[in-house]
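Two complexes are shown next, each including chain A; its partner changes from chain B in the first to chain C in the second.
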Partner chain A sequence: MSSSWLTTRAWLLMLPLLAVMVGVIGWPLAETVRLSFTDAKLVGTGGDYVGLANYSKMLTGSAFQKTLWATLWFALASVAIEMVVGVLAALLLNEKFYGRTILRALMILPWALPTVVNATLWRLIYNPEYGAMNAALTQIGLIDAYRSWLGEPGSAMWAIILADVWKNFPLVTLIALAALQAVPRDTIAASLVDGAGPFRRFRYVTLPHLAGPLMVALVLRTIEAFKVFDIIWIMTRGGPANTTRTLSILVYQEGFSFQRAGSGASLALIVTLMVSLLALAYGGLLRKTAGRMD
Partner chain B sequence: MSALAIDNLTKSFGDVQTLKGINIALDSGEFLVLLGASGCGKSTLLNIIAGLAEPTSGGVSIDGRSLTGVHPKDRDIAMVFQSYALYPNLTVARNIGFGLEMRRVPKPERERAVLEAARLLQIEPLLDRKPSQLSGGQRQRVAIGRALVRQPKVFLFDEPLSNLDAKLRMEMRTELKRLHQMLKTTIVYVTHDQIEAMTLATRIAVMRNGKIEQWGTPEAIYQRPATAYVATFVGAPPMNMLAGIWREGGLQINGLDRMLDLPRPKAAKADKITLGIRPEALQLGNDGISLPLRVDVSELTGPELIVTGKIGTQRLVASFPARHRIDTGELLDLRLPADQAHFFDVETGKRLNDDSHD
Partner chain C sequence: MERQSLFAKVMLHLAALLLAAVILTPILWLFVMSISPAADLSAKPLNWWPSAVDLSRYVTLLSRVENSAGAAVTSSLANSLIVAGMATLAAIVVAVPAGWAVSRTPSVGWSLNAVIATYMLPPVALAVPLYMGLARLGMLNSVFSLALVYLTILAPFTTWLMKSGFDGIPKEIEAAAMIDGANLWQTLRIVTLPLALPTIATAVLFAFLLAWDEFFYALLFTSDLRAKTLTVAIADIAGGRVSDYGMIATAGVIAALPPMLLGLLMQRALISGLTSGGVKG
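Moving on to the complex of A and B:
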């Protein structure tokens, strides 16, 4: 059988799938690109070509910049805290103690919960009248009056970050825990004989084996955090005073709440481009880490 | 006072006793090899000496100082591992100097020590590399260098050569021997390779099931194995073990009509006995006790010719210098010098020869 027939057959076999992919990914994407150059509304008339007007309006608008900062803030803070808490939890769960197996299983729970459930749960916790947060904090005397955690611009973002950390640190823990199993016992023993304390041992024996897998966790989490929508939408809808409005929420508002399909599409493409750049940069970083490891 | 003393040491994991009463007294400058099959407890013993594991009972002392409760770093020992156990993202130089760095030895002094060790091990050009850029042999040198710079009272080695290929293993073996002769530091070395044990050791402890089966110099272990186990464990090809019975005219090997004119040792109370013969003790010639052997297989290994055949109903292996030519099917008249016969109790496996005690 000639190789050209093999190639042809391969393409033939893939054709149905390709058709589906073009249908569900390619066509909407092309349509979004087209829309982004028009002043189309979500319903009704409009749709005249306006050139780059949508893009320049979005990029220069104060809403976009404020939202970009909010997104970066959310992504950096939540991912950083998740990484630290996740690794610490993994180190703890890697020690032998009574009930370790149960704790390991329980720890996965937040991550297994659907985001919607998690967000609703935390909204209850933060509830200004009967929420557990207020009750707990007043009881230990940290605050003297009940507060509206999600209603005040100063605390809303942090409240969401806490909820997001609670949900996502188990993923980091899980990855780190798996990596910890690969830390060679001999090297740990060697560091004991050499006289390295816990910090040096972590730095020179444990961390080199964690670095690669943690990098993967970091990439996954940052990209996800950058695109965050559901947890914030359920908890605050971007409020109060737009302090928790992230890019995805802005896209939604522009396109659906304000029904401006054209500028919404342009914004969506801008966000897509940013996430792609992020993914590309991380891809390079990952390859570099992998190269250093072996 | 011993450089290393181990008293009645036991170690259990749960219900399983892994070490069952180990006693060792080692003089300064000795090279002790712990030799034994996989799972006999060699690493466990070494880890206890290093302080990486706690004994269940008994104790370890170095130069008369009890090490009970002493942290590994304060035991004045250095250890080399089978897997090299290097720090992956530190350079060779820092790997070697790591123990000194942790002990806050000033930098110039540290660098001098590292350089000296590197020179000794011929890895100077590698000092700036990372472990991932080294071959297995080079990694093991770095691991040895890391132990050397510490100038400990006792070196501990856990199968340091078993990850290397045969040629490199031989080179490193010679290298280790040279280092020991130069440094004269006490060494405890774990291996299951009897050739390593024979070539390196000044003292061998053959271990079996958590006990020391025999303690002695390599010569003693080879020439006067205390038990049938030791006899077959040390030496390659292993010692032949023939079942026999004492009769009027001498020793009768099962399946052979003829009596062998061997003197019955005083300790041989029972009539049944095991006769041990090293393959290399058998000769072609006229001196010694005659043993007829029908050759089944004849293999040339290079320096040696290994001949396998039947004597009576039992299998026998003999080895000769390669210059001999022996064919399959040949009937050989092998000779055994009387002083090369080893006798073991059938029940206990204990050596029964009338050895002069020296």
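Moving on to the complex of A and C:
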């Protein structure tokens, strides 16, 4: 068989996938680009060419900068905590103790819990009048009076981050645990013979095996966190005083609540560009990590 | 291995207990809320343990009385199953041939990278044209449209999973079948696809869970019982003026049970899928 026939055959087999991709991703994306240069409304026809007006309006608007910071805050804090707690839990689950098999199995549960249910559950827990958080902290004696965790600008974002961390750190744990189980026992034994303590063993024996998988988890989680919509929409809708409004929420408000399809599209493309830059930067980091750790 | 001191052993077990409590407490609390009498949930101090087991909310939410919360939950449950089922089936149908083609023909590999790169696109970047397009075609509020839109999320992921699955099946087995006189279709049907079944099962599982979990597109593109999915129904119940928080918790338990059971039962397949990209590099 000639290689050109093999290539043609490959394209034919990919045709259904590519048709779907062009239809539900390629076309809408191109249309978003076109809309971003118009003043189109969500409902109704028309939409005149306005050049870069939408972009400059969005980038210079007071909402954008505040929203960008909120998004970065959410993404950095939640992902950093998830990585640290996730790896610590994996190190724990790699040790021998009674009930280890069951505990390992349970780690899948927060991950499997639908995001919307998780957000709803934590909203109930944070309820200012009847929530379990207030009840528990008052009964322990940590707070004197019930608080509105999601209603106060000072605590709302942290409350959401806690809910997000609880759901997502087990994913990091599962990935890290699989990598830990792949560390050769001989290498660990050799480091023990050489007299390495637990910290040096972690740094020089365990960490090199963890670095690659953890970088992948870090990239995926950061991109997810940067695009976050569901958990925030359910818990606060971006409030109070827009302190938890992230970029996806802002695009939703612009494009759907205010029905300004044109400026919503331009904002969506700005967010897309940021995620792409983030992914590119991570890609470089990923290659560097792979080079150094080998 | 090192011998653990008694102190280290005790600390280890305490840490394990703490981790178990962190994982289980919120899930158990969701369940307790769903079976506690309403008075227990609004009591101060809060009743952590239900004074009586109250299953009436499950009866209410799973009944089909018209215009009730039950009708909203049962119809959205059916919609979620239909949408997730259709989207999963379609994702597998496009992913299997594409995954095999990329695995066996490295020269087209860049196209898969392009498909995977769409993972970076925030759904909001596609939502406005999808909404306008579906509105123009009169296809808003339909389970078919929603399943089609879900392919934006499912298809790249399942194709990537299938590609790495086919990578693990040696080409030589296919070549041997060809030498024995099998044509391509026979080779794939008799040799390759049976060997790829575990990967297909993993892909089905992930696709179904992703579709079951989806909220953003469902929120935008559905408006009533004909197409609303369970995630949207829960957001409605939680956002509405319910006086009984146990009702919200019950809807949550109903939505969470299928994926959590799948997660526990299919643990091995899930973890192999989660780590296939990460660990093997």
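The rule is short, and it goes like this: the second predicted complex is superposed on the first by the 271 of 294 C-alpha atoms of A that agree within 3 Å, B and C clash if a C-alpha of one lies under 4 Å from a C-alpha of the other, contacts with A are read in each partner's own complex, and residues count from 1 in each chain.
As a convention for this text, a contact is a pair of C-beta atoms (placed from the backbone, for glycine too) under 8 Å apart; a residue touches a chain by one contact, two chains touch by 3 or more.
This structure is a prediction, so every number in the text was calculated from the model and none was measured.
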{"item": "Chain A as common anchor, with chain B and chain C clashing or fitting", "value": "fit"}
{"item": "Partner chain in contact with A:11 - chain B first, chain C second, else both or neither", "value": "second"}
{"item": "Touched partner set for A:238, first chain B, second chain C, both or neither", "value": "neither"}
{"item": "Partner contacting more residues of chain A (chain B vs chain C)", "value": "C"}
{"item": "Touching partner for A:35 - first (chain B), second (chain C), both, neither", "value": "second"}
{"item": "Which of chain B and chain C A:223 touches, first, second, both or neither", "value": "second"}
{"item": "Angle at chain A between chain B and chain C, C-alpha centres, nearest 10 degrees", "value": "80"}
{"item": "First (chain B), second (chain C), both or neither touched by A:86", "value": "neither"}
{"item": "Chain B versus chain C as contact partner of A:192, first or second or both or neither", "value": "both"}
{"item": "Where chain B and chain C come nearest after superposition, their Cα distance in Å", "value": "5"}
{"item": "Shared chain A contacts, counted only where both chain B and chain C touch the same residue", "value": "189, 192"}
{"item": "Residues of chain B defined as touching chain A within the complex", "value": "47, 50-52, 71-73, 77-79, 81-90, 98-99, 102-103, 132, 146"}
{"item": "Interface residues, chain A side, partner chain B - complex", "value": "184, 186-187, 189-197, 200, 204-205, 208-209, 292-294"}
{"item": "Chain A-facing residues of chain C, complex", "value": "1-2, 9, 12-13, 15-16, 19-20, 22-24, 26-27, 29-30, 33, 41-42, 44-46, 48, 90, 93-95, 97-98, 100-102, 104-105, 107-108, 111, 115, 117-133, 135, 148-149, 151-152, 155-156, 159, 209, 212-213, 215-216, 219-220, 231, 234-235, 238, 245, 248-249, 252, 255-256, 259-260, 262-264, 267, 270-271, 274-275, 277-279, 281"}
{"item": "Touching residues on chain A, where the partner in the complex is chain C", "value": "3, 6-7, 9-11, 13-14, 16-18, 20-21, 24-25, 27-29, 31-32, 35, 42-43, 89, 92-93, 95, 97-100, 103, 105-117, 120-125, 127, 129-130, 132, 135, 138-139, 166, 170-171, 174-175, 178-179, 182, 189, 192, 212-213, 216-217, 223, 226-227, 229-230, 233-234, 247-248, 251-252, 255-256, 261, 264-265, 268-269, 271-272, 275-276, 279, 290"}
